[in-house]
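Labels run A, B and C following the written order; every chain starts at residue 1.
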Amino acid sequence: MIEVRDLHKRFGGLEALRGVTMHIERGEVVVVIGPSGSGKSTLLRCVNRLETPDGGEVIVDGRSVNDRHTDVNALRKDIGVVFQSFNLFPHLTVLRNLTLAPMRVRKLDRATAEERARKLLVKVGIPEKAEARPTQLSGGQQQRVAIARALCMEPKIMLFDEPTSALDPEMIKEVLDVMKALAKDGMTMMVVSHEMGFAREVADRVIFMDQGEIVEQARPERFFQHPEQERTKRFLQTILHH
Amino acid sequence: MGFPVFDENAHLFGQGYLTTVVLSAGALALSLVIGTVVASARVWGGPIVQSFSRAYVEFFRNTPLLVQLLFIAVLLAPRNLNVTREPIVAALIGLSIYTGAYVTEVVRSGILSVDPRQIEAARSLGLSQVEALRFVVLPQAVRTVIPPLGNLSIALVKNTAIASGIAATELLKVAGIIESRTGLFTPYIAVLVAYWTLTLPLAWVVSRLERRLAFAR
Amino acid sequence: MTALAAVRRRSSGHGALIAGAIVVSLIVLGFASGRLEARKWEPFLLPSTWRFLGEGLLVTLTVAGASLLLSLTFGLLLGIARSHLRGPLGWIVSASIELSRATPILAILLIVLLVLLRSGLTQNAIIAGIVGLSIYNSAVVAEIVRAGIGSIARGEVEAARSLGLSYAQTMRAVVLPQALARMTPALVSQVITLIKDTSLLFIITAPELLSFGRSFYNYYGNLLETYIVIACIFFAINYPLSRFSRRLEARQPTDERLHIVGEEDQALIPAMPHRGTSP
């Protein structure tokens, strides 16, 4: 489903990605972890061309992301993104946030789009907030709306860029629960996150990145019980023992 | 003999009032166009385009409108004359360019007030750059831009009076004409009231808008 | 985030490029219209020209300075009065401030001149100019002062009063020092407007910079060139001021910015820069 080959990206003097190769199968849930600055968010952003890599290739669903002939808007229809900072549109109601892209990009009529949107709001557990403004919602509610907004386009892949990092602790669970349900439904998911519990419970595979490289990847039980690399061990120690 | 004179003066006064209104509205429309174009150039243009648009803003807002109007009046003048025969056209152009410099700054800060991650989110949903600007950035920018634009319109109405300096027959010039004809002071009282009928309602609307948008944040 | 940062970075510190762009534009404009001639610039090489125009500039600056002093004094008093006077007197103060600000300053100048002439008080157009500029700008300063005082939290006043400070002491020790800091960017913006407005004294026939310019171009026949030079003189004074006011604004927390309706230079004080937090 997602195929990344020898990806390079630099920001000025900083080498954010140096030769990353990985793949994600259809229906697979992959959690990417690593210290800040390890390049994990950059990798995720390259998958739907929010960043343009300096070298290497990204292929999503058989389409080369950075090929000049690839219609990036058509590609993005099939890739849902959930951001750390929610990025809901503050001038629109929750319902309009959900229907904007389906109506403009998928050309759905209003009734169909709204019906789909309301179903998704039920799914993420806040059907009563359809007419509210994003600023009237809690962080956890906003992030659930953001997930519903991405799902409204019926994407084949969902990307999560640290979806719980901006949330207060008591709201993290409600967002993770929605993500778990999504995984159970068989969605292909790439999740950049620090939520080890989620990784252990839901992920099919965990990828550990450091300094722009993939250091290690494995099934979660193996990854957390028997990490092979020294760097992985050190990272797991700092993150699990405090 | 008083009545025909009064009629004629009243007519003249009405025309002056109309000229002021048309001059304000026309210059506002033109300055909005200028400002939007130059602000876009300033935000999205290359370095050369950016320095020219910045130069435009800085030069016109830091020099007196009267000097600009006098300059344009000469530029538009026929070869053998030093002053244009169409002072109202010169005034319209001058007011538009002057106000356009301010509109540029207002529109620019409106665009910059929108979180760039909003564009990212919209693009991620498959909206094109143009759609993202139209449905996500612009509606948000408009909110921050409306009160200062209202502010500029009030200033613009007041600035039309300076067009009398290049003999455009707007309200203030007309008042002067009537005053010199009749020796009466009343035209100036009337002219004050006439300006107030334009500026006071505008000021009321702007302060209401400011309060409403302040609460909406 | 990165795009925005790039925009911010690129737009700062291009003073030389901006100046270059202005000069290039003016020259192109002038020659394209076929009205600028190199020979007509020659008088500007003479020291006597600058002595002459300098005299006019001195008048302009004196008028601006005097009007500023008067406006600050009366504006402060009126602003405090408006903030606290209730009843008919307060109503009269408010109404006169609002009406003055709703009037074109040129209309005020003409009326003041006419009143002074007809009452026989003075025939001096410069005095009429200073009075007119001061009337208008006092009203604007009063509005700035009122907004400044109004922006101070009521709790602070109550705290000061409950500590036993008198009303006057509270104003002097607690309210005004803070209000003054918040007012400064708006006041500097108004100084720019004031300096530009001194050119209107030309219309009421006071001998300021533009009038000196007219005598000058009447002699040399270089109308456009003189206007450009005069515009540049104003620019040289106002541009540093506007940079200064922008720096003051940037230092000021958003919720402490004051908004004064109806002045173009005030409209540029940004209400709310982009609210996102970028890492």
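Simple rule for what comes next: contacts are C-beta pairs under 8 Å (C-beta built on N, C-alpha and C of every residue); 3 or more make two chains touch, one makes a residue touch a chain.
As the structure is a prediction and not an experimental result, all values here were calculated from the model.
Asks: Which chain lies at the heart of the structure, taking centres as C-alpha averages?
Replies: Closest chain centre to the overall C-alpha centroid: B.
Asks: Which of the two pairs, B-C or A-B, is linked by more C-beta contacts?
Replies: More C-beta contacts join the chains of B-C.
Asks: Hey, which chain ends up farthest from subunit C, C-alpha centres compared?
Replies: The chain farthest from subunit C, judged by C-alpha centres, is A.
Asks: Need the CA-centroid distance for the pair subunit A / subunit C, whole Å please.
Replies: 52
Asks: Please tell me the distance, in whole Å, between the geometric centres of subunit B and subunit C computed from their C-alpha atoms.
Replies: Taking the average C-alpha coordinate of subunit B and of subunit C, the gap between them is 18 Å.
Asks: With centres defined as the mean C-alpha position, give me the subunit A-subunit B separation in Å.
Replies: Their C-alpha centroids are separated by 47 Å.
Asks: Considering subunit A alone, which of its residues make contact with at least two other chains?
Replies: 85
Asks: Which residues does subunit B have that touch at least 2 chains other than itself?
Replies: In subunit B, 115, 117 touch at least two other chains.
Asks: Return the residues of subunit C touching two or more other chains; collapse runs of consecutive numbers into ranges.
Replies: Where subunit C meets two or more other chains at a single residue, that happens at 276.
Asks: Considering only the defined contacts, which subunit C positions touch subunit B in the complex?
Replies: Of all residues in subunit C, those touching subunit B are 1, 3-4, 7, 10-11, 14, 17-22, 25, 33, 35, 98-99, 101-107, 110-111, 114, 118, 192, 196-200, 202-203, 210, 223-224, 227-228, 230-232, 234-235, 238-239, 242, 259, 261-268, 270-276.
Asks: Going by the contact rule at the top, pick out the subunit B residues touching subunit A in the complex.
Replies: The touching residues are 115, 117-118, 120-128, 131, 135-136, 139-140, 143.
Asks: Please name which positions on subunit A make contact with subunit B in the complex.
Replies: Contacts found on subunit A: 48, 50, 73-74, 76-77, 79-81, 83, 85, 87-91, 100-101, 104-106, 149-150, 153.
Asks: Flag every residue of subunit B that touches subunit C in the complex, lowest number first.
Replies: Touch list, subunit B to subunit C: 42-43, 47, 50-52, 54-56, 58-59, 61-68, 70-71, 74-75, 82, 99, 102, 105-106, 109, 112-117, 144, 147-152, 154-162, 164-165, 172, 175-176, 179, 185, 188, 191-192, 195-196, 199-200, 203, 206-207, 210, 217.
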